[in-house]
Every structure is written in structure tokens, then in C-alpha cells.
Amino acid sequence: MNTFGNILRLTSFGESHGAALGGVIDGMPAGISVDMELLHAELQRRRPGQSRLTTSRTEPDEAEILSGVFEGKTTGAPIAFIVRNHNQRSADYDALRDVFRPSHADYTYTMKYGLRDHRGGGRSSARETLVRVAAGAFAKMALRKYGISIKAFTSRVGSVALPHDYTSYDLSVSELNMVRCPDEATAAKMQSLIEEAKAQGDTIGGIVSCVVSGCPAGLGEPVFGKLHAALASAMMSINAAKGFEYGSGFEGACGYGSEQNDSFVRTANGEIRTATNRSGGIQGGISNGEDIYFNVAFKPAPTLLRKQNTVTSNGEPTEFCAHGRHDPCVLPRAVPVVEAMAALTILDFFLLQESYK
Amino acid sequence: MNTFGNILRLTSFGESHGAALGGVIDGMPAGISVDMELLHAELQRRRPGQSRLTTSRTEPDEAEILSGVFEGKTTGAPIAFIVRNHNQRSADYDALRDVFRPSHADYTYTMKYGLRDHRGGGRSSARETLVRVAAGAFAKMALRKYGISIKAFTSRVGSVALPHDYTSYDLSVSELNMVRCPDEATAAKMQSLIEEAKAQGDTIGGIVSCVVSGCPAGLGEPVFGKLHAALASAMMSINAAKGFEYGSGFEGACGYGSEQNDSFVRTANGEIRTATNRSGGIQGGISNGEDIYFNVAFKPAPTLLRKQNTVTSNGEPTEFCAHGRHDPCVLPRAVPVVEAMAALTILDFFLLQESYK
Amino acid sequence: MNTFGNILRLTSFGESHGAALGGVIDGMPAGISVDMELLHAELQRRRPGQSRLTTSRTEPDEAEILSGVFEGKTTGAPIAFIVRNHNQRSADYDALRDVFRPSHADYTYTMKYGLRDHRGGGRSSARETLVRVAAGAFAKMALRKYGISIKAFTSRVGSVALPHDYTSYDLSVSELNMVRCPDEATAAKMQSLIEEAKAQGDTIGGIVSCVVSGCPAGLGEPVFGKLHAALASAMMSINAAKGFEYGSGFEGACGYGSEQNDSFVRTANGEIRTATNRSGGIQGGISNGEDIYFNVAFKPAPTLLRKQNTVTSNGEPTEFCAHGRHDPCVLPRAVPVVEAMAALTILDFFLLQESYK
Amino acid sequence: MNTFGNILRLTSFGESHGAALGGVIDGMPAGISVDMELLHAELQRRRPGQSRLTTSRTEPDEAEILSGVFEGKTTGAPIAFIVRNHNQRSADYDALRDVFRPSHADYTYTMKYGLRDHRGGGRSSARETLVRVAAGAFAKMALRKYGISIKAFTSRVGSVALPHDYTSYDLSVSELNMVRCPDEATAAKMQSLIEEAKAQGDTIGGIVSCVVSGCPAGLGEPVFGKLHAALASAMMSINAAKGFEYGSGFEGACGYGSEQNDSFVRTANGEIRTATNRSGGIQGGISNGEDIYFNVAFKPAPTLLRKQNTVTSNGEPTEFCAHGRHDPCVLPRAVPVVEAMAALTILDFFLLQESYK
């Protein structure tokens, strides 16, 4: 199950320390102009070593397109791309061969497959998310044509949260700081918190929020294919995700119907809209034309620069202490991944809806 | 997309006020003993009119099995079942023909399909969840054979939450009270809160929690088929769901790695286990043999016995006020639905894992 | 795998002697007018007991629609229908409980599932094809709207074949005779051959041909989803099918390129067409706008009114002789099944192509 | 739809004259020893330029494995591989930019996508089949472990056919001659026929046959997933395929039941077998443990070294004459492709069957 989507499908492959990671995008409409700068820029947003808040592993992470593009346009054929692994230092990982790192996938992969590629987490490495980001860039190229845009940002790190909801901020500002938070003051506090954690060899988690604008009404498929169910699956498939909520989410759910309902109104130009948007742009699993927004919780990265108790693959008690290049907080780099998965999901359902018209 | 699952697949059909609802379960292993009492009991748990906290619509909700069972056992052929709609009163819904009820699916279905069955929400009605409950009963029959059990309960209503985590309670007790909460004192408070809301023509939401016990390590499929991503999709596909989290969830995500990691330990009998279970039984998307637990937020039902502003299907402003049989709180009846979707998901991944052995 | 199709999906259920057979059609466009007379007529074409050439089991075979249709139109919700089994005489089949009938599925089902429903073949019975015919009727309702029509006919029985290709005949005439062959003289010979076989307790097979007219260019999906690959799968899934070929088929394949190529020409009104159509309307797996035509070989039914050697389920040698109601030739009743599977396939690819526009 | 299979899935990508072709195999069991020599050998069997009967384009066609293999074994992660295109001479194809070659996919791709990669057929090129051959080599590595072997051979070219059925020959001999026919005398006649066609700038087609040995009973999924329906789809997805039949096929279908049925017998060692095998190893869509055998018809390649009438992309009448490297007969190189698609199909259903045990 390394394929995602219904009629727009991404197949992902590759391990952290294998020859290359890559993906195949099937079902992309033909005739979409391929924007290589966007592809490059998105990969740079996810790339390690961007700032002192992220791992210092510095991979160039350049994608080579192998198929599906001809004379600058998509052809309808599957678009395959690869990103070579350069900065591998596999020997660094020899110590991991026989240790199950706490809260990593070492133990479960071994139980599932009977063996594992221990080098940097192998297939379970968050490095896999570069595949999603590259594919998401292609999805964005198509969505742009349909007037749909997607913007994610860090809304909470540890105990520091954005004080207001997303409508209070200029979301484009979030790219100007290291944590990708659209409020400078909050960003500064988040940054301090992350640096404190890092200084102690610890890690910290938080919440990424995302807004989809310009999405027409009608996307989403009852019953099991509700748009928010698909978004939940997409987001929860990202490494370290622990929770998903849309619209007024958990907090709104614990309120009263009289406070949570969104009244329909007619606008001056005759459109039907909702007066409020606690529904997060989705009602009955189908988009209603309002902004779609949701939150994704990411746990603190499990790799600590501290000693932890664990066991070897034979079950012998041992201690494990990571060294080297590790993110004290995955949030900033998760932002483009969230956008990418949202873009793939929305484009898939957009195309699906076209088929019924 | 009325089909759920990978190699165990449920196809659901039916509208609230059509002839019948039903489902087809494909991929069920052959030779499973069919427990008609369990099927009946599960449908009764979901049935409306169980108590004064739920809608007084009293459907008998008996399933007729049409295929796939022979001499008391599953045959490997698809199991089809139907539940006839009896207590329809479609005329009650004539008033809805031209009104878009706030925070329902009336508007979005119309935008998607160009028309809608307005009788009781048609396909978008929560009555569809009886299909899941019936199918889930079959999944439980198979899971029982493999030693896996599933138990859900109401853990929060409005501001009233269970004070401790699930390990502090005897979960089987939850079926003894109307709200399906395993703590009697908390249940009483939740019940009061729901009755207050009802008295004011209002509704209230909350959280259902679920625990899967006895699940072997190794279930779940990297990368996009992570077990928690599949559970998220399953749960978010239930009517009124607004959020999903597993293990330590949103709260744990906003903590530190040093507090969230689960150390591996060797037990007296030589098994590898985790000392704590903040991971919620899933690491890297694959079950690790510990309890799987998660929360699902359900919004307050949008049908209020109060006047609300809305528009007609022509966009004319109007007022809408529901009458008759409506749940002031969907949580108690969502409990068996959450269990059913969990059972279908876990069995699907259990069978999938068998294929690789 | 009781589901067929990509974005138009039929899920089939039911056994020959269970309570009912039926299907769920998911992905049908909303707003299609439901033609109950067509549905009825198609089921009558497949029904047993139509003539002395077919089994005398006389089921009324009326479909009850359970969902997905409202006020005479499809709603976009799944369309479920059932056909009750009335004329079951299960006791007739007690003799089959412990016998593996030659060239039936008794043995293989037992090997696959560890048990089987022996009544009339259970799930493997050709009675399942009524589900396809009912679903195909719905597909035809949609295709009619898009100007696409489908016509199948018997082109060969035993050694008697239609002397010319399909363009020489008025295909609508085929419904006027018992064998469903568009040439009266050939039909008479086929009929004699079948009656001779019947008189000897034997059965005879042959070929059904099918023509799809009005299909636009562009349907079909490279690489694995070639239109003729999908048609092959659809046709070979019909009980008793042994072979599939399209366009000039096996015979043309054994010829020369210079004789088999279809030249492109421009017609008087400026259209691009092919001068000949050995390609059968499909080039590179994609429809080219010409008639799509193909042949399906159906083996002689394995149920003989003669003694045959076989073994019991314990492997003991025994003799088996069928009694009662059995078709001496399945061809006439396979004709509507071939049309139905073609209709479902073409509509699925038509809708898929819409999604990319 | 560039993905093939149910739980073993091959995703194919690449164009004839793009940077590379390749595939991703998902669902391969972990722990399978990777036999690089087999992979290499299979690609060599399909490679152009093997003999004077095939195109003289001489690509080295070496596969690079990018993922899913670690220390010589499959890991359960997706196996991605690429084959770079070297000998491209794209300029050779400039003449094709505005011409629709007869019986190629030029016209239909243009109608489907609105544009096309004209270089050597782009995605529609038979060069894509190298992806299948490479993936099939992996499938064979797994099947070998389960005792299943697959052997294809050329059984007919033009009017020259093998005089006896496959059981009369030592199939391994077929690799010793250029046409891959297991009978030397027949092979010589086929070779002459192909050389005659080539001398006249013509092409010739025929039939490839395939035998699967050692396949256990129980593979195949009723109703739509019948094993022969899946094989039909797999085979018809190969470039130039025009027909598929299994067991006694078209000829047997036009016979009598009394001659076509396979009696069950008990062997000396107590096994249940069939006395004959007209069923081709499949009954009711499920393997019965006998040899599975089938035929695939391949049309004469449409590229002639002769002038043909056609039109330009504007519909203007023109003449087209191919030059250069083209196969006068695709059969010899189709043999490994048929084996590969059979291997992928059988392994997929083998794994699927494991899931129900």
C-alpha cells in the first residue's frame, strides 16, 4: 500500500539510505504546464538543513523527472521522478542493526516483515515525505489552473499556540520565519521553545494547520469517501502524525448545536454561503465552497540525544543514545508535506467529480 | 465510494426513507460461525428509541441475510443483508424539499448531484450507520476467532469528561447506562447535561473512545496504509465525526519526546513489550501488540428543535425549525458504530497481513 | 472480488438457491431517467424457460430496487436491487452434496473455501448473471443518453457459423429467433443442432459476438487498462467463457501487416476515420470512434443428462447423471449477459474519460 | 491505470524515448532472495537486436534497482527499478510529429489527451513491456519458492502452427531457436515465413502459448476475479494482443459437452485429478491443480517498410513509409512478456489466497 489516491494516484518508493527515493503520479491530466521552479522550491521547503531548527543533514534533494512530461507539458502518461540519496553515511547506522529504538518503527517492521533495513529507518524514515512533496508540487500545478490554493503553517509548538484563528493572519508571512508560523511574535516564542528542547537533547511536537481556498462545492464522495475522511487518511499517513480535526474540531464537538451550526445566507451577488464556517468547508463529507481548514498533530520526534532504555533485537535490555543530525521539532518541515498531501487529495476528488458531470 | 476496505470490503447502500438499507461484505473468510444473536444485539445497540436520550423513532431494525451463509457458516461468498425501513413517514419531510437545513448535507448533495432525496436526509442520514453495525458484527465474529476484541465507550459529553484513562475502568460496565460511559458518576453527569440540552431544543456533542485488545504485532501497511491512517479514515467516515486522535493524541503531540517515548522492555516470560503505551499500540503505522486506543470527536447533531435562519433551494432567506424525533446527543448510539468500523478495519488488515506470511 | 469496474462499480451477491441474488451499482451519474421496462425486458431476455432451447426452470426474475432511485431518477447514491429466488427445490440437490460434478466448480470451491453451498452450484451458478443483466440495464440507460448502443448475437453454434461479418446483417432481427442469430437460415441450422444435442442428453457451445456503436474516440486507459483488456476481463468473467478476441482476432493475428492495417482517411465532412476496421474500433487500447466488435467463446454447458465418471468429495469413484432443468446450449441466454458486461465496461471508461477533460 | 494487480501491484512508467522506463512492485513478500542473473537474463530475452528476426535497435537494457532490496533480499518495501534509454535517436521521429501511422496509437492518444509524445510511440511503444519483464522476473523469484513455474513459447506464426499440443514437446528447447518454438522443424518453417515477410517490408503475426505448472488448487476469485479473467486482462494488456483463450479455447467451445468435460479420477496416491485437462487447469474461475495453459494472439506489427496511405494530424491525406529498425514479427520477443504477465498474475492470486487461510 504504497499507492495513494483514487483516480489521481501517487506510488511512492525508496528508503532513507537506498539508492534513491521517488514516485510515480498516475492520472494527472494532460496538458498541464510543468513548473520546474515550483517543484524545486517545494523540495527546498522540506529539505533538511534549512535552519538551526532542523537536522543538519544537507541533501541537495533535486528531483529528476523520468517520464510523463514532454515539451514542458504533462502528457497523461505517468510522471515518474527520483531523488538520489547522496549524504548517506550508512556506516553511521551500524549501531542500529540490533537495537529497537524507542517509539520508532524498528520493532514493528521486524515483526511485520521478519527483517528490516536498519539504515536510518529505511522505508519508515521521514525522508520518504520528499516523495509526497514532489508529487504535491505537480498537484499544485493542476490546482492552480482550477483556482484552488493550499496554505499550511505551524499553529502550535508545545504550549505555544497562535492566539487567533487563521483568518486573522496573512498566511504568506509564515514562510519568513524558521518555524513557519504566520505571527512573528508567536513564531519567536515557538523558536525559543524548540531551541530549549534542542539544548537538552530533547524534542517537541505541536500542530500544523492548513487552509484550502477556492475549492468548489461538490467535492467528496459519500459514504466512505467523505472529503474529510480522505484528508484524515492523507494527513495521518504522514510520519509522526497523531491526530486530525477539521472545522471546529474536538473543541467544537464538545459544544452545543446552537453554537456550532452554520446558517446559510444569500450574499449580495446571489450566492449561497454560510454565515460562519465551523463546518470547515465540508458538510456531509462534501465541500460547500467555503474555506476547508484542518489541524494535524505531530508528536515530538522520537530520536533524542539522550540515553534511553530499550532492548536489542534479541530482547536483551540495553541503552540507546542517538548522535548526529536530528530535528528537535518536525513541525517546520511538516508544513510543506501537509500541503502536498492536501493538494493530492483535493485534486483527486476534483477529477473524480468531473467524471460525474 | 460506498465501498470500504482493501481485501475485506463492505459495500453500503440505502437511504433513510427508501425501501431498505443494506450491505454486502466481500472477502469474509469461509467457515466462520454466524452468530445471529450478536448481529441482532449489535443492531439493537445502535437502534433509535433505546432511551429518552435518543430519538424516539422506533424501527425494529432486523437484518435479513440474503447470501453468503450456508448451514450456519460463512461460505466465502459475499454476505448481503438488508434492513427494511418501516417507520418512514415520508410526508413528514415534505417541508424539507425546498429548504437547506443548516449544517446538514442538503446543500452539498444538491451541489454535487443536481438533485437530492430530501426525505430524512436520504443517503446522508445517520441511519446508514446501521449497515456498518451489521457488517461490524460479522467482522467481530471473525475477530473473536483470532482473539481480538473491541470496546468503545463515551468518554466525554460537552464539558464532562471521564477523569481517568481507559485502563482505570471496567469497560463492560458502560453498557449499563444510557450514555455508555464506564464510570457511573460521570455517566450521571453526562446524562444530566444531555437532558438539559434536550429541554432547550438544543444538542450536545463529545468524544467516543475505543480500545482494541489482543491485536497481534505486524498489522498495518506502510506508507499510506498506516493502521492509524486507516482507522482515521474509518472513523471520520462516520456521520458527525469532526476529529480523530490515537495514543496520546493532540495533547501528547504538544509535549516533549522525553515524556512521550515508550521504552521497550522484556517481560518475565521473554516477550518484548513497551513500558508505557503513548504510541497507542501503533508505531510506524504498524501494530506493536499493545492495546490500540483512539478517540473520535462527534459534533452536536445539527437538528435543533429551535428556529434557525437558513435559505430555500432558490436562495430565499427562510426560517427552519425541526420537529419530532431527533437525538439530543449522538454519542451513545455512535459507540457501536465506532466499534463496527474498528472491527472492519482491523479484520481487513489482519487478513492482508496473512497474505504475506 | 465480487466487485467489477473502476469508477462505475457493480458489486454482485447471491447464490442460486439462497434467499435472493442482487447487486449494488456505485458511481452511476445522478439524474438518469430509470426505465423500468428496459430493466424488466433485459431480465426476461436472460430468464430461463424462454424456449425449448433453454432450461425449463421458470423463475419470474423480477428485480426490486431498494435504493438510489428517487422520483424516477438516479440520485448518485448506490442503486441496490434484489431478485428473490422462488423456484428453488433445494432438495433436488441433495444428491450433489458429496459429488464433484465434472467440469463444474464443485471441486475448486471446496479446495478454495474448505466447504461449499452445493445447492445448484451456489455462488458459481450461472444464475448469478442475472445480476449483471440488471446492472447492465442501468448502464444502458446512461449510455443511451450519450448515444452509445450495444448489440450482441449468437454468431456460431458448434460447427454452424454466420457466413458473413456483422455488417451484413440487421442485428435487431436476432431477437426474433430462439438462438438470437441475426440470419434466419443460420438460426434454423443452429436450432437443429441444439435440439439434436439435447435429444442425446448432450450440450453444445459456440460464439457470441457483440458490437458497440456510437462510442466516441478516447476511451480506454494505457497501459494495463486498455479498453480491450477490460472487455476481455469482463467477458471472461461470464460463466462458461473460454475465449475472447476483438477486431480481426485470432485469424487476423495470423495474417500479414499489409493486410491487417487500417488506413486513415478523411471523410467528406472532414472527419478522420479508418478505411477498414480490423482494429475493432480500438487502437493502442483506446477507442478510435469506429464500431467496437468482439467475440466470446462459450463452452458447452458441463451438465449432461448422461452418466459421467467422477469422484465423491472423499475421492471415491462414482457415476453422476444430471436430471431436470438444464440448458442444452447457453449461447442464447448469454447474449444479454455479454451486452450487459459490455455496457458496464464502456460506461465505466466513458465516465473515467470525463474526469480528465 | 498504469498499475496492475490486486495485492501484488506493478506500477509502470516511461516512454520509448524519454529518460528511462521503470516500475514499482508493491506487495512483494519480504525475505525473497533476489536473483540478479535471472533479472538480467529475462531482460535479454526481451531485448531488441537478439537476432535478424527482431529489430536491430540494440539497447543494453540493464535494470538499476532503486529500492526494496537489502542485503540480497526483498524487504517488503516497494521494489523500484529503472532502465535508462540510451539509443534514442529522437530526431528519427521528427517525421512522425504530424502523421497518424496506420493501426498505431498515434490518433487515439491524440484524441484522448489532446497531445502526444510522438517519439517512437511514446508511452504506447512496446518498449514499455521491458517493465513487465523485469517485474515478472521478481515474481518468478517468489513463485520458484512456492514450486510454480511458467513457460511460454511461439506456437504459431502466420499459417505455420505446432502440429501437436504442448504436452508433446520439451518446452525448454524453445529457447534454442530464434522464434522460441519448442519444435525445431516447425521453428525452421516459422523462421522462413518471417524472413519472407521481412524481405517484402511486411510483418506477420501469430500465437504465443503459455503453461503454468505446479500451481496449487484454489487460486482465483469468484465472480469477477476469475483466474482466467485476470489472465485474459493481463495478456490483452500486452501490445499487439488481439485474442485470448484458455484450455480447449475457441475450438473446444464449439464442441459438445460430452467431449469437453474433464472427469475427476483418484490417482494411485489418493489425489483427486482430472483425467483430461480441457478446462486448462481452471474450473469456475479457480485453479484445480492441473496445468494452466492458454493462448494469446498477437497481430502483425503495424510498422511496415512500405508506403501506406494515411492522414496528417490535420486530416490531410498523405503517405507514410517507415524506415530503420522494426520487428518483422513480434512473437519471439512477446514470449518473455507473456511469461512475465502470467507470473505477476499467478503470484498476486497466490498471495490473495493466503490471506483467507
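First chain written, first letter: the chains are A, B, C and D, and each begins at residue 1.
Everything below uses one rule, namely that a residue touches a chain if its C-beta (ideal position, glycine included) is under 8 Å from a C-beta of that chain, and two chains touch if they have at least 3 such contacts.
Computed from a predicted model, the values in this text were never measured in an experiment.
> Please state whether A-D or B-D has more C-beta contact pairs across its interface.
More C-beta contacts join the chains of A-D.
> Find the chain most remote from chain A, comparing centres computed as mean CA coordinates.
Centroid comparison gives C as the farthest chain from chain A.
> How far is the middle of chain B from the middle of chain D, if each middle is the mean of its Cα atoms, in Å?
46
> Taking the mean of the CA coordinates per chain, how far is chain A from chain B in Å?
Taking the average C-alpha coordinate of chain A and of chain B, the gap between them is 26 Å.
> Just how far, in Å, is the C-alpha centre of chain D from the one of chain A?
Those two chain centres are 39 Å apart.
> Where in chain D do residues touch two or more of the other chains?
1-3, 6, 12, 30, 76-77, 109, 112-113, 123, 222, 356 - these are the residues of chain D that touch more than one other chain.
> Within the complex, which stretch of chain D touches chain B?
Contact set of chain D toward chain B: 6-7, 27, 29-30, 76-77, 222, 351-352, 354-357.
> Touching chain D in the complex: which residues of chain C?
Within the complex, chain C contacts chain D at residues 1-4, 6, 12, 100, 102-105, 107-109, 111-113, 123-124, 128, 156-159, 197, 200, 202-207, 217-218, 220-226, 228-230, 232-237, 241-250, 252-258, 260-266, 270-272, 274-275, 278-279, 282-289, 297-304, 306, 308-311, 315-317, 353, 356.
> Flag every residue of chain D that touches chain A in the complex, lowest number first.
Touching chain A from chain D are residues 1-3, 9, 11-15, 18-22, 24, 26, 30-31, 64-68, 70, 73, 75-80, 82, 109, 112-117, 122-123.
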